[in-house]
Amino acid sequence: MELFKEYPFIKEIPVFWGDMDSFRHVNNVVYFRWFEIARIAYFENLKAFRPLPDINVGPILVKTSAKYLKAISYPDTVSVGVKSVFYSEEKIEQIYAIMSHRKNVICTEGNATIFGYNYKAMKRAPIPQDVLKAIERIETQGDES
Amino acid sequence: MELFKEYPFIKEIPVFWGDMDSFRHVNNVVYFRWFEIARIAYFENLKAFRPLPDINVGPILVKTSAKYLKAISYPDTVSVGVKSVFYSEEKIEQIYAIMSHRKNVICTEGNATIFGYNYKAMKRAPIPQDVLKAIERIETQGDES
Amino acid sequence: MELFKEYPFIKEIPVFWGDMDSFRHVNNVVYFRWFEIARIAYFENLKAFRPLPDINVGPILVKTSAKYLKAISYPDTVSVGVKSVFYSEEKIEQIYAIMSHRKNVICTEGNATIFGYNYKAMKRAPIPQDVLKAIERIETQGDES
Amino acid sequence: MELFKEYPFIKEIPVFWGDMDSFRHVNNVVYFRWFEIARIAYFENLKAFRPLPDINVGPILVKTSAKYLKAISYPDTVSVGVKSVFYSEEKIEQIYAIMSHRKNVICTEGNATIFGYNYKAMKRAPIPQDVLKAIERIETQGDES
């Protein structure tokens, strides 16, 4: 998709009627759920860094934001583009864009900062090298899944 | 509360077991729900700017972010501090801080940019003068409700 | 699908990581969201009875229940079967079944009672004849959408 | 409260603006969240049966239902009454009633069936005797917490 040409990974998510609030637009909170869904799908796609409690080092969200450009309403489907614009042992910086299929336009932009976290020792940990290599691969060659 | 001395308005919210995700911490999305609850309470307290569909001009969220400093778990209660750091006809900029009662420390910081929106004409509108005056009052004299 | 042979309408819904609670199973509340999604899709499919506020008479939920047979976890996709087992001017009785694609088994059963409601007059209303005819069609001939 | 005279345990919960859906009523799914909040509070109050993953035997929900009598809207506060109408080693049957403070009337009734579950062995287990005794105490003498 032209709108997403800079995003190597895209996750499609259906909009549900219950995602809307009293203003009959998708509630501002739901966009962060969508970012989470797309972020987890991106990491699962790496096959290297999983948001599951039975692993040692996983991603932990330390900062996130959204900029609402246009409202989204049910019925619709959104595509969420994910791109890691910075990644090192210290942190991963991602940007997101949410496209409404109905409006065919980017309706929301967002970003997130992710640290590595050792869920057993319960403290921060470097992001593993195989995760960084997998990110490098997807960011330079695109999603081949 | 000392932690909140710069915040003129504070909203207390119970943490529910169901707010936690598989990591047994409050899910990142829930903090934006808490910001919304506190923001609406702040505006209602102004008695001038209500997030209701039957008014003409109401607030609309255009940008928001959260910085997660410490995890929060059930059982707990949080207090959310709200402060409007900038307000004009054009926009309101707010900052938020979430304090865990159990940890007695600020666990999350956030902010939001709010525009005025004419929900009947469905377009942006200046923030009404009475709203700006009410914000001025609460920000300079504190919440007397 | 053999499991759903008695259900004329099936709605597929992705399971999200955030649907799970601290027990690492989909939280009991989420199943009612899934019933709602499937119920709305069923009614939209009828092209006659829409859960939208700009119509006169729409469906209103008066009773619902779920029976949890097996837990569902992320990652998974569910199919929700919907069948109207009774329908008259007075009410519609539906049954639901949720199948986990991963487990290939019915994990949850549910039902709902729906009245007609005049959202302008804000009182109960008979279920319109064209809705009943559309239900009759889908229940006897299956979903042709 | 007169309305709750048969309920030995009552949990107060604030209604949030975001609990409402496009119909500007609290969404049907939220009531099950409220039942869960009240059910967990009831069990915690027993100091004997906790919905936490680090214990052996805890409660597991196997069936639940709601009957919607009157709509609830923001702003409001609800009180949820909880009563165990049957309890044995095999199961606990509870009934719930949700009262709107604004309407001063029962708006929703519900019930739930709960089994004991060994979360380590991952199979059903008898409900412990100390839990049954604590239920007996609260159901016959009322909540003294």
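Labels for the chains are A, B, C and D, by order of writing; each one numbers its residues from 1.
Everything below uses one rule, namely that a contact is a pair of C-beta atoms (placed from the backbone, for glycine too) under 8 Å apart; a residue touches a chain by one contact, two chains touch by 3 or more.
None of these values were measured; they are calculated from a predicted model.
Participant: Taking contacts as defined above, which has more of them, A-B or B-D?
Facilitator: A-B
Participant: Relative to chain B, which chain has the most distant C-alpha mean position?
Facilitator: Farthest from chain B by mean C-alpha position: C.
Participant: Measuring centre to centre with CA averages, how many angstrom lie between chain A and chain B?
Facilitator: Result: the chain centres lie 24 Å from each other.
Participant: Return the distance between the CA-based centres of chain B and chain D, expressed in whole Å.
Facilitator: 30
Participant: Going by the touch rule set out above, which residues of chain D reach two or more other chains?
Facilitator: Only 17-18, 22, 24, 27, 29, 33, 36, 53 qualify.
Participant: Using the touch definition up top, name the residues of chain D that touch chain A in the complex.
Facilitator: 17-18, 20-22, 24, 27, 29
Participant: Mind pulling up the chain C residues that touch chain D in the complex?
Facilitator: Residue positions touching the partner: 22-23, 27-29, 32-33, 36, 52-53, 61-68, 119.
Participant: Which part of chain A faces chain C closely enough to touch in the complex?
Facilitator: It is residues 13-14, 16-18, 24, 33, 36-37, 40, 44, 51, 53, 75 of chain A that touch chain C.
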